[in-house]
Amino acid sequence: MAQDKTIMLPIFLSLLLSASDALVQDFCVGDLSAADTPAGYPCKKVSAVTCDDFVFTGLGKAGNTSNIIKAAVTPAFVGQFPAVNGLGISAARLDLAPGGVVPLHTHPGGSELLVVVQGTICAGFISSANAVYFTTLYKGDTMVFPQGQLHFQINSGNDNAVAIVSFSSPNPGLQITSFALFANSLPSAVVEKVTFLDDEQVKKLKKVLGGTG
Amino acid sequence: MAQDKTIMLPIFLSLLLSASDALVQDFCVGDLSAADTPAGYPCKKVSAVTCDDFVFTGLGKAGNTSNIIKAAVTPAFVGQFPAVNGLGISAARLDLAPGGVVPLHTHPGGSELLVVVQGTICAGFISSANAVYFTTLYKGDTMVFPQGQLHFQINSGNDNAVAIVSFSSPNPGLQITSFALFANSLPSAVVEKVTFLDDEQVKKLKKVLGGTG
Amino acid sequence: MAQDKTIMLPIFLSLLLSASDALVQDFCVGDLSAADTPAGYPCKKVSAVTCDDFVFTGLGKAGNTSNIIKAAVTPAFVGQFPAVNGLGISAARLDLAPGGVVPLHTHPGGSELLVVVQGTICAGFISSANAVYFTTLYKGDTMVFPQGQLHFQINSGNDNAVAIVSFSSPNPGLQITSFALFANSLPSAVVEKVTFLDDEQVKKLKKVLGGTG
Amino acid sequence: MAQDKTIMLPIFLSLLLSASDALVQDFCVGDLSAADTPAGYPCKKVSAVTCDDFVFTGLGKAGNTSNIIKAAVTPAFVGQFPAVNGLGISAARLDLAPGGVVPLHTHPGGSELLVVVQGTICAGFISSANAVYFTTLYKGDTMVFPQGQLHFQINSGNDNAVAIVSFSSPNPGLQITSFALFANSLPSAVVEKVTFLDDEQVKKLKKVLGGTG
Amino acid sequence: MAQDKTIMLPIFLSLLLSASDALVQDFCVGDLSAADTPAGYPCKKVSAVTCDDFVFTGLGKAGNTSNIIKAAVTPAFVGQFPAVNGLGISAARLDLAPGGVVPLHTHPGGSELLVVVQGTICAGFISSANAVYFTTLYKGDTMVFPQGQLHFQINSGNDNAVAIVSFSSPNPGLQITSFALFANSLPSAVVEKVTFLDDEQVKKLKKVLGGTG
Amino acid sequence: MAQDKTIMLPIFLSLLLSASDALVQDFCVGDLSAADTPAGYPCKKVSAVTCDDFVFTGLGKAGNTSNIIKAAVTPAFVGQFPAVNGLGISAARLDLAPGGVVPLHTHPGGSELLVVVQGTICAGFISSANAVYFTTLYKGDTMVFPQGQLHFQINSGNDNAVAIVSFSSPNPGLQITSFALFANSLPSAVVEKVTFLDDEQVKKLKKVLGGTG
């Protein structure tokens, strides 16, 4: 009987194998060398995929917070971690030195879920209805920021703060409002017109953040 | 033969009618009196739906531009036009008096397509990569603003400008950055921390836009 | 302090820049030279995208209505306006000369929202339940046609009528029933069988609309 | 050790049970007594769901083909089979007596996959590009009809034909073109205008199919 | 008048033709020679698509049940039937010889709808809440298995059983639990740890099913 | 001028406020007292939503690992954290005591992304093609498990291990294979038939895991 099973096995396995050719959609590790599509990158050949593709080690060490915001975002988006391509999820590590802040920003492509791993973070978002939702988060607290809403995180403690954030998209995007306004060539007159900010303030921040015009 | 057809018709129609009970998803006119869901509002009974449900007349007349931005947005979102519920589309009318502006804003829930019906509009958006895409649009020109990106429209002519805008969602949302920052109770200290703006500037705009804290 | 900011800026910007490589999904301007996918066309390289990609000027002038239906549809679908690729929206201009009509048709891929910009239009759709919803629309009126439903527009006034229509898909499709029946090689016998139309009628319209068989 | 396991089991099971309260989305058997939503019907309580909810017996017997089209469609859509609610699939049985036909129709909400179980069927569809794809199907043959495209099935054999059809939606809809045109109150003048059909033909079919006006 | 129509026709048809270039999304027959994407395969050129692409004949004949499970699954997934690419549906034929069984399995990518065409089948699934839903199905009975749930089919009659199954995905996948556990190189110690199975049992089945380690 | 702004402000704000009524879809905090739908729970009234709704504190403390698997899963799914309703994301905390294991399981509704916060974890998944992908993860390592695939986590170190896992669904589900097989009333004969397991083994585990039949 076991003999019989052994004989028949190849036949059955061959079905599975041939079928498996059609099952690449178990996963679709992104081939970043190919052009992206609205649904994500074309898939790397399954035969070339190894377990290493599904593992990302970049979130293990602190980002460099020696910068203007005393903060660092280390992304594990599809661009850094191609295995999340098409899976509707990605992650990042957030490091905030004392006084550090992730300035007001949005993720155009997805919602964010933040888990505080270390320290104390003041976090919040502002809804389209202009309502403010903000609070202080301690180690182990989780907060969700709905897709596209303006939000921020501030280290409100005296030590380093670390959070693991995940997103409902492999490619959520990151648009920091003050960089969008002051770190490019958008003319000061336009910035002032669309924000009500004073000319002096706009020119000052353009200078600080490397903008022109 | 036609006689025969006439006799058999009720049988066949009865299939269609009973079937039609299951076909409410031809459309799902929103019942705004019920609780919303992530996919939209529950459907009004098909038997209570009339052609008037599918017609919205609010975009026919100019909005009131006698306000701080010399502009008016007249929405035909699901809240005003329940027939778009579940259909993945909505619209609005944009009126810009001379000097009018729709301040920097995002639509968290959808992409926007703008068609200039009258006048001249300077419009643009800023990508997550911080790149600026802006230009001057004339009557008949169309511009698309990708979902979630910061964008603006300014009347760059000497007469009134009017645009018809449509969205890839029945409920795209509208988040005006300066109102999110200055027209609510978000503490000035937090605003300054997450935007790099000066205290004086923040307090001035909070006063102008009705914010507190 | 500003000095300190200036020093640290490159570090922070480099994060943004590297991150931005992964943010192509801010938008995905279609590369029509590549093969389409079920989610749309592959994306044009972001570095090759300019503001002009997001602007379409074709809806500014009237279409040629000197044809059998005294009407013209000028599409701004992904095929004409690649920037809408993946954004879930597109548009078109509808011109109806006096007596003009857009014959009974469906858009297999999306819902339609119509705004009358000039003139008077009799428009309607028929639901799967066989119910008829039709009315007369005047300048500024908006009507929504749910996805896949048979609908039509007729100039019911004495002057030209113009409408801006938008769709919940970059590629809604357009299937005109009488062209599907009479403007191709579908055998008359089959057409008659599946429509109950008389042979004489079918052959007459096949001749008028250029069909064979 | 087994003792230890037995002791600890309730603790672990209680996790599973409490967790299971959140897992209703294993399935969402539709509660047809509640209002539909754009995503389908609200879910019947899991505690009230039995295996019978997942079984539909209606496709087992032939539909009544004693009607104008000598055909019957027996649907297992969400309206008849609430277990498919939210699952993105449904089915139907198609019976075609000799000479039977399913007239030209569309399913606004989904694609159709047909498997011939008995007999011979001439089936086809017409694309938006106006191209005709039709052929003769024999027992065991499968044909797919893309969403929203006009298609038809004709019994091209001498015996009864039976097919099992499935759809990519729990609620695909069914819009039969000739019933949409001739079996309701859409005025003849409008029908003629939007189809190019002759008045005599329209009035004849309205009479046959029970239409008015 | 007909003359006039004939003259104007080319103008109108040319609109349709150029438009049709953008309408490839009527369907997207998969080009399996290209890399897959998260949304499916790139589309075969419409000009190269023929009616044969939409027809699959493989479900017409019984699969080979001379194997360990006395069963055969003949898939019409995108890998075998590229026309379903992007259409959200696929199908398969299930043959069960007397004593045949489709072992416990899941379809990671879609829900399954089964219609018994011949014989008697004991079928069931187990929910995340650990509840069992199983019953005996007779010719013509339909059962739906919600996405991702463990399910099985057993021939509970004395003759061959045949079923047509359809899926809510062009590429539902097929993961047979015992093959996942015993037909590969997953070390026995790991299998035992994650299943509570005894070493002897694991080693026995690895030998039977061709596993190693 | 500021005076003028102040006067006009109410007019403009009133637009925002009325508009905001339609913007509940900024978020849709689930009302768990209402019936679920295929897209999630109906939304709690925005006026009743506070910042606390967006914060979950349950992931801060270790789960109770004094159980058969020496492991605990603390979910922050929609059932425990209603704010994730409709947002396409959720999270959980995983605690593994020395020797602890999360047995072979699937999440029918979503992909999983795991970040090791403490300790060493041997984790892996098995694809539909029967390929095994497993490895050892250290503090800070991230691994993604594609939707619906069988996977497991084992504490391969000598101390407690902790991981933060997130999912691409507010309600991913959790189906533990051995509980599905042995912890319910699925008859032993059926279990044996669909798994190839021996009667003795099945009966033994049913006894250990609390199953019957």
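So that you can tell them apart, the chains are marked A, B, C, D, E and F in the order they are listed, and the count of residues begins at 1 in each.
One rule holds for everything that comes next: a residue touches a chain if its C-beta (ideal position, glycine included) is under 8 Å from a C-beta of that chain, and two chains touch if they have at least 3 such contacts.
Per UniProt, the chains are A, B, C, D, E, F = Germin-like protein.
Everything quoted here is computed from the prediction, not taken from an experiment.
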Check the residue numbers that chain C and chain D use where they touch, and answer same if over half are used by both copies, otherwise different. same
Duplicate of the A-F contact set - from D-E, C-D or B-D, the pair where over half of the pairs recur: D-E
With chain centres defined as mean CA positions, report which chain is farthest from chain E. B
Chain pair showing more contacts of the two, D-E and C-E: D-E
List the centre-to-centre spacing of chain B and chain C in whole Å, with centres computed as mean CA coordinates. 19
Distance between chain B and chain F based on Cα centroids, please, to the nearest Å. 34
Where chain F touches two or more other chains at once, by residue number: 16, 19, 23, 26, 34, 37-39, 108-109, 124, 127-128, 130-131, 134, 146-147, 149, 169, 173-174, 179, 183, 208-209
Counting only chain pairs that touch, give me the topology of the graph as line, ring, star, complete or other. other
Interchain pairs in contact, sorted by label: A-B, A-C, A-E, A-F, B-C, B-D, B-F, C-D, C-E, D-E, D-F, E-F
Chain A partner, complex, touching residues on chain B are 101-104, 106-109, 122, 124, 126-128, 130-132, 134, 146-150, 152, 154, 173-175, 177-186, 190, 193-198, 201, 204-205, 208-209
Using the touch rule from the top, collect the residues of chain D that touch chain F in their complex. 2, 4-6, 8-9, 11-13, 15-16, 19, 21-26, 28, 31, 34, 37-43, 45, 85-86
Show me the residue ranges of chain A that touch chain F in the complex, using the header's touch definition. 16-17, 19-20, 23, 26-27, 46, 50-52, 54-61, 76, 81, 83-84, 87-91, 110-113, 115, 117, 124-125, 127-130, 133-135, 137-147, 149, 164, 166-169
Under the definition above, what is the set of chain D residues touching chain B in their complex? 34-39, 64, 66-69, 72-73, 75, 77-80, 108-109, 169, 171, 173-174, 176, 179, 183, 207-210
